[in-house]
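Presented below are the structures under discussion, each in the form of structure tokens.
Two complexes follow with subunit A in common, the first pairing it with subunit B and the second with subunit C.
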Partner chain A sequence: MTNFRDHAIKYGLLVLLATMIVFFSIAQPAFLSMINVFIILQSVSIVAILALGVTATLAVNGFDLSIGSTAAFSMMMASYVMIVFDGGTTAAILTALGVGVLVGLVNGFMTVQMRVPDLLATLGMMFLLLGLQLIPTQGRSIAAGMSLSGGETAPGKFTEAFLFLGRARLFDIIPVPVVIMLVLAVITYLFLERTRHGRVMYAIGSNERAAHLAGARVKFYRYVAYVMSGVYASIGGILLAARIGRGDVSSGNSLLMDGVAAALIGFAVLGAARPNAQGSAIGALLVGVLLNGLTMMNTPYYTQDFIKGLVLVAALMFTFGLSKKRG
Partner chain B sequence: MMKSTLKKLGLAVASIALMATTGAQAEEVKSPFEGKGMKIAHVRYLSQGDFPELYLSGVRAQAEALGLELDVYDARQDAAIQRSQLEQAIMKGYDGIILQHGFTDSLKDLADMAVQNGIKVVAFDVNADNPEIPQINQDDHLIARMSLEQAIKDNGNAWKAAYVYVPGIPPLDRRDEVFTELKEKFPGIEEVARFGTLNNPIPNQIADQAAAVFRANPDITVAFSPYDEFAKGIKIAVDEAGLSSSVKIYSADISNSDIQAMREPGSAWVATTATNPAIMGQVSVRALAYLMNGENPGSQVTVPPVLITQEMLNALDIKNMNDLVAKVASFSTSDTLTPDWMPLP
Partner chain C sequence: MGIQSDSIEISGIKKSFGTNTVLHDISLTVSGGEVLALMGANGAGKSTLVKILSGVYQADGGSISVNGQTSIIDTPQQARESGIVTVHQIINDGVVQDLTIAENLILDQLCDGRFPAFVNKGKLHERAAEVAKTIGLDLPLDTKVAELSQADKQLVAIARALSVKPRLLILDEPTSSLSEREALRLFDAVEQMRDQGVAIIYISHRMSDIRRLADRIAALREGRIVGLFEKPLDYDGAVHSMLGHAVGEVMHDYQSGEASRVVFRQVQLAEGSKPFDLDLKTGQIVALTGLLSSGCASVVESLFGMHEFASGTVMLDGAEWRAASPNQAIKDGVYMVQEDRGNNAIIPDFSIENNTSLPFLKSFSWLSFINRDREKARVKEVIDLTKVKYTDPTAEMSTLSGGNQQKVMVARWMLEECRVLLLNEPFQGVDISSRRQIGKLLRETAKDRVTIAVCTDVEEALEIADRIIVFNHNNLVGDHRIDQIDMPTLIKQIAAAPDADFTALSSSKTQETDIHA
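Showing the complex of A and B:
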């Protein structure tokens, strides 16, 4: 019985993923086509990148609620630099990444120096950014040829190189965002699981005081976690802008919840019962497979939300209910 | 009259003959797609509110009349989701796709890809920037013209106007062209104030602006607000300033709440011009059926609007959109794209 429980904890979610894939491919033969597999991966890539960022903050027992709005703000800033300043690809990307670093540092400052609880600090940051992203354009979306407040037309456009990031496919099949997501997943995995820094971060997460007494630079690593989270979110924002080809005020609304859900589902992958990079990526994939399959079977969106919630709840029960590490 | 009766008779004979041979359903007009199992996808950017709901009902009704199987993809006002759904629809392989709203920048390359793959595509109120994708629009010029003509009918051709306008929004820009022309044609019509914002909540923001405008220009008698959210704001300001008897509001578009606002006792909102979203849904499917049947509906399909006055709403006791559809025939049907072979809902 214990054995069964161990297996359920360890492989439950992977079995669920496999079952879903089998079910959808029987119901809709087009589901398993190579193109659709990459459509799924493309659709989860941005969420997965955000989930990887949250994972870093979760590792140090923090929580970044501002990822969605950081991504949205980066998207708007990158679009602004390109459309309004006609600044070109590199400037747009650097600006967006700068936004990520800055947001991470401020989040770190609030939680470390000002001792604001993580949830509250990043919630505040979320609201701040939601408003801030609309200030430069007075609440409007940014698109090529938009008219500025002075009445003249914006000079710039989305460059081919920038759109390449969100739309191009390597070898005509692998979307660029998927490649970026996989690279970031591997880097995050190696960093968290295979370096001393990663182990220190988990140590801080499980017992901050003990880690501090053992000589870990707690404050430094908390900053590192938030800057990682901010930068990952801004990479997500860049890819989002490149994908839709405009700075769209309503895009990015769902990113926070989907990213956090993926990271939390990730707790349950392989019985880790803690935040982990590979789990977050698989969690995002699970949600992506589910949504793609349900969309293909033409289920209405509210059912999809319901089922997404159901999977999250089930995954959390796997993690906390069945796990022996329950504290 | 005689001719059409004969035609109907001929059709009836033909369909009886068909029934006898194939056992197919008898209909007045037989869809060219009946029994072919053809599927179409409706990929919609707007999913919430009165408009998409009515539009979808039209799409459903016309697709059913044509015997087309319909799948709906809801992007819920998210351009990135609409993009993946379009991608998915192309991959799943439909015979036709109807795009509803969205943005040229985020759809164009995929829409091109759909056309290259032999999928017929029509776009409602979004420019797919491809000559093979017909664009279905409401006739914004006519909408503005009909409201303004009513204003001239009610107030003569010399009045002081408050005008609500936000540049850069294509339908508002088209409506603005008509107002600009009209002011040139009738020098007595004077625009004494121009304002507007799209900040949410729009009616509240407009109300604040309008309150200031009316205080500064008490001689305004006509407010032209070619978008219903603007008109709601003006009405708030007019009511608060107690000007309901001296100002008349002319607008565009219609919804359940607009009808209620227009029918409030002593309401200043006297007329609006609108196209039934359900009709636009039907026309979109008909345009797609043209393409699927190897015919060309034209690159721009516009659906003519209907003038709706406060007087008419009161006389017919119209309380909501359902009443309007039931009681005003010109609002509930349209002869746009109705050749003989087209079965109508």
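Showing the complex of A and C:
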């Protein structure tokens, strides 16, 4: 029955996804409506983008725990530029992306130059950013017309162009964040699977020393991975700010766990048993479908985290327990 | 404990994996107080047999009995209880890196509860010292094992195995990572165990080990015992039956080489060592030999940009040259087959194909996108050239035998034109027939490059080299042409104590270069 096992490993998660979709659409015909499909996609787009970023760090055998707080900090900085400085769309976006690059470089510096283990370095960065995002506004959320510490009213507002990123729909149906997510998924897939840079990143993740001795510039690639992760997180932050239209101090809270979970669930997609872009996107989708379907069937909201955890644990057992790589 | 004469009888052991029968019908008897050397090429079934004896695999048929009583050995635990202890080839399985030597030595006692919950450090060291003494292990006991050399780790693993006082001790290639001096210590320990009445199965590729230790030799080929030799031992006969064909001395013509390509000028390997000059020519294979940490490895590692020479300069094709990193060395056409391929060369998650192409992906890529068809085609060329036996190039490396893995690692560096090919212990864990094939290939392709191979094993060096250079304690002490080699001198140079007078030794007539004292 090894053949069955191989198939189970390879297609198990996709079969599960398909089964869920069939089940929910029978139980709730509205589930498969065009509108609901895009609601699901929109709900997972930001998480999927973060998952794609963390996939890059996982590929080099790193781990970025700071993605959630990078997204949150980027969101706050974009909002701050727009509301407090009245800086406009471009400045807000560039600031947020700059945050992503900078965080990635610092994470890279800590792990490569200072040799701090990845989990610890990025955990530290996570705390640092969670704290830092509160300082400019003394812990308050940022919204148009907020009063500043000097008593005056903030001059700026969220521009239409900025809000477009989070709220508009292409052809009146496809939400812009979904489009951005799909584009990033394709780019990340091509980069990791088809380019020599991606290949080298996987080589580093599998055996860093051997990759180095085969000529790979290990340090460079680790920086690249963390900068990718930081930038993707800040794109997530921009979309979040654009969707909710304010810089909300608490809205980035679940992003880290959801993003990491999606990337880890992705290990089990098509039996890859390694971080991969398509898997991370599908992992995010799987969680989104499950939560949306259960919500439509009136499952209480407070069970959501439990269900996500259940999917993650099952997927991990798929990957590691059934994989032929372990004797 | 007096001298018991245990007798361990292995009879009719069979083992198949799927349709592939690995062991046909193995019967052997080993008695306490003797060393049975087990010889066999890779794939002959040695490791399977060892795994069955140590309880890792279960035999499909046959039995193992100790002193006439059948032992059921289904788990490693049961093997240990029957008094069968194995030191495996892969050292890292035998030691816990993060613990100290002392903790490793008495790990079994720690685990089985012979120690109270709170371990008294003094007591622990006292018992560990006893264990260490059994094989003359002379290292500070509170050192972490991770900080030790491979050789010392090996000795710790062996000492640990001996701490349980086995009836049958199985040593699987114990000297493969030891220098000759360290091997001597191991031999003493093995002989000591034998004299205490332990039965020993000693598995090795190395004739020198076998000559020194074996009381009997069993030759294994294709899952069968094909020869059993008693004293007086016929070593050539044993090798003959193991290989199934005659091993004539591999003799090749001396190549004097063509153009000077790599020139060392007053290079010092370590602070305080004597600077040397050396002129290496294309078309020649140069073997560097010497004990472990004699400096041979530093020569190739420094050329490849892994370290720096302590002082001096290297000229490459007439220009002063130094690689700051392996990356740069490769760009400049200096390639290196690494020792210990599992840690230093193989990407375990990659297929055979992707492992091969890794250093030269650029040549199959356009705007960084890999052209997979070209990659496949080029990889196929080189792995066929190095005679890798594979069924599916997209399978993982672990599907290949050690010898074939090494052929892939050599193939990797045949993808592009090479100016200098460095090899560090290229025959580590490689069976004899693969070793022959690799050696032949190196000789056939040597023409337009400089080839420098580090071979601690002199026999390997003799097999491939035109010129053998001896290092001893970071000093160049000998330089021999293969066709004028004087073995006693060579051995003396390798084994000499570091403060010996090298000028006396190196004045042999085979000298090609001057050694600057």
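We adopt the following convention: the second predicted complex is superposed on the first by the 326 of 327 C-alpha atoms of A that agree within 3 Å, B and C clash if a C-alpha of one lies under 4 Å from a C-alpha of the other, contacts with A are read in each partner's own complex, and residues count from 1 in each chain.
One rule holds in what follows: contacts are C-beta pairs under 8 Å (C-beta built on N, C-alpha and C of every residue); 3 or more make two chains touch, one makes a residue touch a chain.
Computed from a prediction, not measured in an experiment: that's the story for all the values here.
In the three-chain model built by superposing on subunit A, subunit B and subunit C fit together without any clash.
Once the two complexes are overlaid on the shared chain, A:66 sits clear of subunit B and of subunit C alike. By the touch criterion stated above, A:229 is placed in contact with neither subunit B nor subunit C.
Contacts of A:195 after superposition: subunit C is touched, whereas subunit B is not reached.
By the document's definition of touching, neither partner reaches A:133: not subunit B, not subunit C.
In the superposed model, A:209 lies in contact with subunit C only, and not with subunit B.
Counted by residues of subunit A touched, the larger count belongs to B, out of subunit B and subunit C. Rounded to the nearest 10, the angle at the Cα centre of subunit A between the centres of subunit B and subunit C is 140 degrees. By the document's definition of touching, of the two partners only subunit B reaches A:144; subunit C does not.
Legend: residue contacts after superposition of the two complexes on their common chain; A:217 is shown touching subunit C, with no touch to subunit B.
In the superposition on chain A, A:43 makes contact with subunit B only, not with subunit C. Distance between subunit B and subunit C in the overlay is 38 Å (nearest C-alpha pair, rounded to whole angstrom). Those residues of subunit A whose C-beta lies close enough to touch subunit B in the complex are 28, 30, 33, 35-36, 39, 42-43, 46, 138-140, 143-144, 146-147, 151, 158, 167, 240, 243-246, 248, 250-251, 253-254, 292, 295-296, 298, 300-301. Remark: subunit B residues 47, 71-74, 76-81, 83-85, 87-88, 91-93, 103, 105-106, 109, 167-168, 198-200 touch subunit A in the complex. The touching residues of subunit A, counted against subunit C in their complex, run 190, 194-197, 199-200, 202-203, 205-207, 209-217, 274. Across the interface of their complex, subunit A is touched by residues 304, 306, 325-327, 329-331, 336, 338, 343-350, 354, 358-359, 361-362, 364-365, 368-370, 412 of subunit C.
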